[in-house]
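My structure is below; once you've seen it, I'll send some questions.
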Amino acid sequence: MKHMIFGESHGPAIGVTLMGVPSGVELDMEEIAFEMSRRAPGKSPLSTARKEADIPEILSGMFEGHTTGTPLTAIIHNTNQHSKDYSKTKDLARPGHADYTGFMRYQGNNDYRGGGHFSGRLTAPLVFAGAVAKQVLAAEGIRVGAHIRQVSTIEDLPFENDVYPLSGDTFTLVAQKEFPVLDDERGAAMRQAILEAKERLDSVGGLIECAVLGLPAGIGSPDFGLNAEGIFAQHLFAVPAVKGVGFGVGFGCATMRGSEMNDAFYMKGWDVQTRTNYNGGINGGITNGMPLTFTAAIRPTPSIAREQDTINMDTMQNAKISIVGRHDPCIVHRAVPVIEAAAALATCELLGI
Amino acid sequence: MKHMIFGESHGPAIGVTLMGVPSGVELDMEEIAFEMSRRAPGKSPLSTARKEADIPEILSGMFEGHTTGTPLTAIIHNTNQHSKDYSKTKDLARPGHADYTGFMRYQGNNDYRGGGHFSGRLTAPLVFAGAVAKQVLAAEGIRVGAHIRQVSTIEDLPFENDVYPLSGDTFTLVAQKEFPVLDDERGAAMRQAILEAKERLDSVGGLIECAVLGLPAGIGSPDFGLNAEGIFAQHLFAVPAVKGVGFGVGFGCATMRGSEMNDAFYMKGWDVQTRTNYNGGINGGITNGMPLTFTAAIRPTPSIAREQDTINMDTMQNAKISIVGRHDPCIVHRAVPVIEAAAALATCELLGI
Amino acid sequence: MKHMIFGESHGPAIGVTLMGVPSGVELDMEEIAFEMSRRAPGKSPLSTARKEADIPEILSGMFEGHTTGTPLTAIIHNTNQHSKDYSKTKDLARPGHADYTGFMRYQGNNDYRGGGHFSGRLTAPLVFAGAVAKQVLAAEGIRVGAHIRQVSTIEDLPFENDVYPLSGDTFTLVAQKEFPVLDDERGAAMRQAILEAKERLDSVGGLIECAVLGLPAGIGSPDFGLNAEGIFAQHLFAVPAVKGVGFGVGFGCATMRGSEMNDAFYMKGWDVQTRTNYNGGINGGITNGMPLTFTAAIRPTPSIAREQDTINMDTMQNAKISIVGRHDPCIVHRAVPVIEAAAALATCELLGI
Amino acid sequence: MKHMIFGESHGPAIGVTLMGVPSGVELDMEEIAFEMSRRAPGKSPLSTARKEADIPEILSGMFEGHTTGTPLTAIIHNTNQHSKDYSKTKDLARPGHADYTGFMRYQGNNDYRGGGHFSGRLTAPLVFAGAVAKQVLAAEGIRVGAHIRQVSTIEDLPFENDVYPLSGDTFTLVAQKEFPVLDDERGAAMRQAILEAKERLDSVGGLIECAVLGLPAGIGSPDFGLNAEGIFAQHLFAVPAVKGVGFGVGFGCATMRGSEMNDAFYMKGWDVQTRTNYNGGINGGITNGMPLTFTAAIRPTPSIAREQDTINMDTMQNAKISIVGRHDPCIVHRAVPVIEAAAALATCELLGI
């Protein structure tokens, strides 16, 4: 399964072309709509007030409710654009955004309105593609789930905890929450931190923990381009705002000893298991049958209302910018289904689907 | 430039085939030998006592001292193997190693001796390939350098500090050190921590910080498979023992505010610069002309002398394993040139070389 | 530049996603419409009477008349479908068509109406993609042109002849003809042969000769995946109905002697030229600066009105089929712009565009 | 299975790196040696008198007689080089060869001795790779075979004939012949034609017909990069001297009518078959279960002893060249196992092996 995501925030439509979708998958459109709604903005004061219908129209690759196996293209028409918002600041490179790098990369030809092709809105077709991938994986008994692991300095419980088992049921439970954490009390504290940042005309970042359940042992390879971590990382870093990815304990391995980090194998009945899962279900680039787990670091939203120093790309002089309009003071909660989508696509690639 | 690394620790030879090397590059073989020596074991009590000659023999793609532009294959003959060391424990899956996953992946057909294709020894051809890439990049004014950022809980100075500028000269200085840190005093503390772990029959992990200097702005793309972070991550996670990768502040972004993390642009004469570089020289998957910086997390060496719980893969029963032989209590210092090599190959891919 | 073509003949839309289009290309939409019209049916008794509007709608990758450099998706809505025509014969595998192979490949899930994803209609987005590629190439001084070389047993002049020089002007001249041959008298004989086949409820095949002008010497590589012939062939065989591809004299080389076929080099002023071009501008997989020429063999249209033997894919029994509806007795003339489009995309790939 | 072929005719070694070989294949080294011997020169007056030992040394990916599943590299050391033969003519571009295009491509840095990386000798590692692929395919019940279909104007019987069935036994029979034709009388006439060309200091070309037996229906796809013809063509055009490829009747389709070329389906017991196989077992880029057949056109050997016009690449002036040394007046018979090897690799790619 290969995908190409296309579109600009203020162009006619955004969408995705998926090649290699298995044929005969009965797509559950309600499930897809549910996944889309998890990412959609406008649900709470934590997110931008923009309304996005975001109902994908499937143009190809579907017939009588099933995937045909031929390339599947879905598009989302852009309807609620405020293009005028952006014209005034078109030459001002928003710090933390891709205005300057996009200008250099595309020699000034890219669509600057609303971030153009760099817009977080482009994660909508990614969530769609991920929703298709999830349904393909579900048929193989594989589930993907994620939750907010941290916002600013406030941590949620990890997936491995004494209250909630790491299971598909827990994934379902979390996915239905408007603010997808395991521990709602900690979630309330996170929301508070986000609102405080908003009041200060600022934004906050966080961490998302994700797990893939049901992967058999022996998938992947140690080689470049084929190893499990590399495949996942390439999908995850294609998600805007992801600045770090770690498998299992990730960066925590730096301060661990070998005797701690070596997940001991043991027989659980006829199954090979490990007593701990600090390696995130991967040894030598290959799955070991334990949950594949990783954490992704999400930077604070670059769009903040405060005045910032920058340059004018037309005059090439120093300038000040104040970003007006409606922006999320935190995107971590909305990024949870996006990370799941990227993980679902990565899992398909890993499995050769 | 594409590469395929091949070989097993105890097979006839290991090596690499590099396609797409630019023609006419006058390879500095001493420089290559120097890079190989940085990775080579046996230099100090911190590393395994095995001696590896590791002089790569170039079989193709070189003519009269220059690269021809046709595929370049270099091999390193395996000479100093102790195959008997491994036969006794062949059915015991070493925890933290790929014995079990390799067994599952290759259905018991892989060469188990010394880790086979999973051996850290396979990083030698990677360093060779990286050394070629570095010379290609040097012609473009691009330098790649790294240092140990942390071992266990002991941190080195970051690349951005008040003592050493982030420059090619600093790279040269660090590369010549047997223990590649910026601050030798902190390095001494790290060595002490490594020796302590060794005495406890244990091992320690750490972090490596790496930077690429001289990259112009506008390289990369936001799209899957083409974005700077994704390309680097795929190369880095192909290095054994890497469990996390973060760009710029990486996971540190979780606790930062947008107003901090948004690297403000300003004009430095005619050059566009950012006042800080928390985003690691990348916005929206595209370079912004600042140093491309990242940190990789290196897990503690899985080979430890302590007895560990595991399974016997033949009998499928619980078992105990004691790994004998000579092993590194820490591989972070030896991994520094390997991370640089992966970064050099990633830079070539990013640049379309 | 990579492309994915999607859609089914009777689905909502067909289209193409193009990645890697250079930024800043001012797309000449009239030129694109002209290319689309060359392929469009309904112009003469030689072609099907179906009317296809086939005006591509660009959804992304364009801004203010220029390509942005981000993925460009264009779609053509399907409007003039006669889905009922096909339902009766849905289980009958049309000989020469992909009904049976598509059924096996997609396990009965593909859209059978009008050939679905296998429809010749899918060449419309290919022509669009090729039209974009041609405009990109034109900026590099590269032109692509083709003509009918043969229909049934009737041959046109070859591109190398004494009347018309092999030049962009000749390309323009031929492209404007409804029946794209060099010699209209021979063209008239071809048309006659097509009409005779139509009367006999049959169809005819032919050959298309194509040339790429303006390619510099030294492009390509002898290696798998990178050689000029291989790159072109992969693009050409993706065109439905192409069953053979030959470069330069192609299959004619079998009966030539080395002394004939070795195109002798000579200096024409400061330029290296060859006196003949039997190798089609390619030696060792690399361009030599002469026109890159090839011929593609186009099979007779499989849709014929005669009754044919076949199987019923539902009952798995022998059956008879009579294909009703409007079909081209020959597609060679309509395939000319399609072959050019594939060649333009191949040229972009060869050049690393 | 991906492969990279490396080496120069007069460098230290030539070889191939194969990634993705299935694990656990018990490689029959005698079979491999037999395949190598089929390609080897020096067997008769029809071929060059050079002796090439060409015993591949496997450096990796093999353990205890089985493939490990990790990258397999095999090399052939170059031993019998006459480098001095080439130095005199180093600046003279041999017509029909890649001297000039290689010079332009690699800016004069490629190894000119004996054709360097362009040498026909590089087909030895390709035959090795193909021999591995054949053994992988044999385990799936798939056989690949080829024969000389034509030399100069003399034709062999086609694979579809009344004397020899198209079967693995016929493949075995032909492969054991020094001059691989079906009809030895026609073969004798071909040999005579080759010897006559040799006497005239000239060379001849020909055609090779190849078939893949045992492929199930439903393999491949209509899409670019995935269709059966495109995959085969890319492998075949990577073989030096191939200038044309046609599937089934190939170029013969130009003069056929639809009513002839539409291979009629029928039930043979429970199997779907076609009465004829003019489409070469492929409809719409997907296999239909019939033998996959194709013909490749092999140009006459460019190395001929006659004096030829050319240029001096150093002085950029017109020049004369007389190629001395030992050269094949025809390579068609030696190319038969090479074409089979390319077809075997293509079949693996098509099957996703």
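Order as written gives the chain letters A, B, C and D; numbering starts at 1 within each chain.
By our rule, contacts are C-beta pairs under 8 Å (C-beta built on N, C-alpha and C of every residue); 3 or more make two chains touch, one makes a residue touch a chain.
Fair warning: this is a prediction, and the values are worked out from it, not measured in the lab.
Chemist: With respect to inter-chain C-beta contacts, which pair, A-D or C-D, contains the greater number?
Modeler: Contact tally favours C-D.
Chemist: What is the chain whose Cα centre is as far as it gets from that of chain C?
Modeler: B
Chemist: What whole-Å value do you get for the distance between chain A and chain D if each is reduced to the mean of its CA atoms?
Modeler: It comes to 47 Å between the two C-alpha centres.
Chemist: Mind checking the centre-to-centre distance between chain B and chain D? Centres are C-alpha means, answer in whole Å.
Modeler: About 40 Å separates the centre of chain B from that of chain D.
Chemist: Just curious, how far off is chain D from chain C if you go by their C-alpha centres, in Å?
Modeler: So the centroids are 27 Å from each other.
Chemist: Can you list the residues of chain D that touch 2 or more other chains?
Modeler: Expected reply: 4-5, 19, 70-71, 105, 117, 222-223.
Chemist: In the complex, go through chain A and note every residue touching chain C.
Modeler: 2, 4-8, 11-15, 17, 19, 23-24, 57-63, 66-73, 75, 105-111, 116-117
Chemist: Can you list the residues on chain C that touch chain D in the complex?
Modeler: Answer in residue numbers: 3-5, 93-98, 100-102, 104-105, 117-118, 122, 150-153, 197, 200, 202-207, 216-225, 227, 229-231, 233-238, 240, 242-267, 270, 272, 274-275, 279-280, 282-289, 295, 297-304, 306, 308-311, 316-318.
Chemist: Under the touch definition given earlier, write down the residues of chain D that touch chain A in their complex.
Modeler: Residues of chain D touching chain A: 19, 70-71, 222-223, 352.
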